[in-house]
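Next come two complexes, and both contain chain A; in the first it sits with chain B, in the second with chain C.
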Partner chain A sequence: MSNSHGDTIPLHPSSQSDIDEIENLINASVQSGPATVLPARPPSPPRASIPVSPSPFIQSKIPPPPPQSASSNQKVPSVAAAPPPPPPSVGNSSSIAASGFGPAPNTLTEPVWDTVKRDLSRIVSNLKLVVFPNPYREDPGKALRDWDLWGPFFFIVFLGLTLSWSASVKKSEVFAVAFALLAAGAVILTLNVLLLGGHIIFFQSLSLLGYCLFPLDIGALICMLKDNVIVKMVVVGVTLAWSSWAAYPFMSSAVNPRRKALALYPVFLMYVSVGFLIIAIN
Partner chain B sequence: MDLSQPVEENYANPKTCFFHVFFKASALAFYMLSTLFADSFVIIFVVTVVLAALDFWVVKNVSGRILVGLRWWNEIEEQGESIWRFECLDHESLARINQKDSSLFWWTLYLNAVVWAIFGIFSMVRLEVDYLLVVGVCFSLAIANIIGFTKCRKDARNKIQAFASRTIASSFSSTLQSAFSLV
Partner chain C sequence: MDESSSYSNLPTSHLLGSVPSVINEEQKASYSGAFFVEKSLEQQPPNNWKGVFSISSYTQYFNVDTDVVINRLISSFYPTGGDFFSKIDANPDLYGHIWITTTLVFMLSSFGNFATYLMQKHTDGTTSWSFDVGYVNVAASGIYGYAIVVPLAFYFLLQYLGSNASLVRFWCMWGYSLSIFIPTAFLLLIPVEFLRWMIILIAGTASACFVYLNLRSYIEGVNDLTIMVVAAFLLQMALAIFIKELCKMSLVRVKSLSKKSLLCVSFGIRCLASFSNIETCNRSEI
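== the complex of A and B ==
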């Protein structure tokens, strides 16, 4: 951005931080060589040579220079200055790029379009992981490791819009009801699993339940275009089964096997009610 | 050269500041003036919520990084544990952040949430449940960003303090060491 080029000037020795100056004074006043002071020195010189304002973020990608700063970083659990593992695939790098960051040097100055593209590709990959039959899928309980809520947001809004469009009266209420039902339903289903003693993460589950709405979205679209009741029932039946099938592995692996039915039945119930909503709208 | 003058600072990132404010303002404006634009609740809902979601994304991904040098996200570890990660610029770059940028960022963040809360109170009083839904969604998006960035800022302060105290402590110990070696 406009400020980035102002940072290309490497740090002048006189503008080092106070701590560096203190250390320089200690260095100068002490007879022993810099070896004893070196572990305490923060790695500012390497930072100074990095041209653009992402320099501090680049630091997180540089292998930890003095071992001491890396070990002290580990004491603070939330520090991300320790280098994250190099992203082996687009999917993983986009988990760090969840906030639009990715490979550090370029993302601060990257055009916004790149960030958008990265997030969009994450949505698509999440969708493929969750909804479509995938024989190479890893342990389904770990699906959606880099969850995002954009996909679910789009799908819920789309479903509400489709239902609202198909309705001939009371369009606003249909939309509001559909949106509230789906959003509150996802939250309640997640709470249900948590209260049953299952191990899931709140947002991951919300994300999954949202992505599993995709088949019902398609069903609603088809039903909107074709108004025959028989066709509607068939389409809704197929997409309902597909949605439930997509949600099943994740939900069932999250709870105690004896309580699987207790966790899965409400999910199925919610999708059935959405299905009825689709059929009943005319 | 960048725009900041030595005595009177201008905004260092005017485009980012603009977008930071633009989506918030347009969501609020559209909600307020909605009766002028469209009489369909669905359109009001969708446009307002989409603008609020875009604002959330812009603040989290773009203006947070550029205006205040903070970033937060959530990761899920191999064991299935969810970890909130915070990252900030090192203390030198943090000190160099434009004050106007930073105060604009925080002020608009908090003001936005307050205004949505006021709208929410209005809808509750008027018992308009539909509009309460819209306000609820926008308010929760605003709160999410506030919580994330506040935690990130606190974490950044802790990190800097820990770093400074550790560096001072280690320089003390090395001074002691060298003092003893001199003796």
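== the complex of A and C ==
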């Protein structure tokens, strides 16, 4: 098939390899079939293809856009007319990202909503793994394979903001103290486990400690809305216990069992101090 | 994303965190002289700067189990007998120092607020709860500053005066000496002034005696160094009073008081240093 290109249109010599590559990609995507994700809206207008590398997105713009800027789609018209459109895809490049062929898809040119949606779904799935009961809890290596730092970042900032909103004086200082306490605390706790001779992955542990803050976030939100001391104490007590329960298996399985208490005590200390901050801020 | 997913796919038992591979570095470094051959590969002496930024050069200071830490903690409550240094000689640990000071900072900032509220309510009856987050700053700078700088100062002073000192052991000892202030912070919640003075005097004396006896047995009776040891005693008492005032006064007064006392303390140390300098000069001239 690669031989027949010379007959119809005089091609630029550099287009030949591009065309070959595009054909391979078309064939591969036909085989991969319905592994693509359907966007819920009409296809976005085709983006200008990055002239450096023949990205897979070029071939996904089917049908070729009629009044399209010719400069951006020089390579497309000669090829796109011929091949059958890849099955359910409606031409959104993010669908390629979900199908599993070739090198990692170029996520630079996908729509922002897709990136955000992907990160959000990862945060939710990590949250479900860490904070709620699930069968993988006892095995930390399995439980958070796909760690990320967005979730912990959101939770820490949200907690700082909630505490800052609840405070009546020195709001910025409260936010600074809360943020510094949590961020530095997570790093120090991880270093503590490593220094005690434990085995954890640094960023995975940071991620876990951040996700375990989620119950305290909920507690802080409730305490901000409801200003009664008794209610605050009960809510903070419950969420503190929940956070500690969530963090326990990961920390305790990382160290030698004779040093378990040494590794767990600082975690407890940090959560208690945050809990106290939540109760005490008025 | 790829490297992160491959990272977490490795079995966790083979990883020592994302710190750059220290084991290989030290295996390479073990060629440098027979001096290092005897030591185990994970306990590289901090003679070269490569060791400063890798975690495994500090794991030797955290090589303790739970029961060892609890044992040392309990022995620090009883100031009698200056045998703490012999207890920690083989295995000084910085775990106690770091986490006792951190616990103390948290206790002071939280109970300081609470105790201030109780004191004001006791005298006034109408004040409402207000949380001053500046307590965290003052408590943290006070306690961390004391626990880091004072052993450092004594280490340098003792090195200068010729006797042998080990910084890690000093940090360890001073860290454990602060452990008695943790239950004291609970007791300082009582709003009665006389009781508070009694409590802090007892706790301060116990802690200061601990420091004094241990330091004296470590230095082993060179006469002019007694002054040094007495100075340690007084510094610990000063810290005790700082803790008490933190739980009572308003923050502004604590800050101004602590600035004044810092000036006094530095002046006192300068006097002491010059005094013992004179003594050593006199002694050597004879």
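Rule of thumb we're sticking to: the second predicted complex is superposed on the first by the 165 of 282 C-alpha atoms of A that agree within 3 Å, B and C clash if a C-alpha of one lies under 4 Å from a C-alpha of the other, contacts with A are read in each partner's own complex, and residues count from 1 in each chain.
Going forward, contacts are C-beta pairs under 8 Å (C-beta built on N, C-alpha and C of every residue); 3 or more make two chains touch, one makes a residue touch a chain.
Note that this is a predicted model, so its numbers are computed, not measured.
Contact with chain B, but none with chain C, is seen for A:S172 once the two complexes are overlaid on the shared chain. Residue by residue along chain A, chain B and chain C are tallied for touches, and B comes out ahead. When the two complexes are overlaid on their common chain A, residue A:Y248 makes contact with neither chain B nor chain C.
When the shared chain is aligned, chain B and chain C each come close enough to touch A:W147.
Touch criterion not met for A:F268: it reaches neither chain B nor chain C. When both complexes are overlaid on chain A, the residue A:Q204 reaches chain B and chain C alike. Of the two partner chains, chain C is the only one that A:K260 touches; chain B does not reach it.
Looking at the shared chain after the overlay, A:T115 reaches chain B, while chain C stays out of its contact range. Shared contact residues of chain A with chain B and chain C: 141, 145-147, 173, 199, 201-204. Note for the complex: chain C touches chain A at residues 1-2, 4-5, 7-9, 11-19, 55, 58-59, 61-67, 69, 95, 99, 102-103, 106, 110, 113, 129-134, 136-137. Across the complex, chain B is touched by residues 1-3, 5-6, 11, 16-17, 19, 22-23, 26, 30-32, 36-37, 39-40, 42, 44, 47, 53, 55-57, 59-60, 68, 72, 75-81, 95-96, 98-101, 108, 112, 115, 119, 141-142, 145-147, 150, 153, 157, 160-161, 164, 171-173, 175-176, 179-180, 199, 201-204 of chain A. Chain B contributes residues 1-3, 12-16, 40-42, 45-46, 49-50, 53, 57, 60-62, 64-66, 69, 71-76, 80, 82-87, 89-93, 95, 98, 129-130, 133, 155, 158-159, 162-164, 166-168, 170-171, 174-175, 177-178, 181-182 to its touches with chain A in the complex.
Note for the complex: chain A touches chain C at residues 104, 140-141, 144-147, 167-170, 173-174, 177, 190-192, 194-197, 199-205, 254, 256, 258-262, 265-266, 269, 272-273, 276, 280-282.
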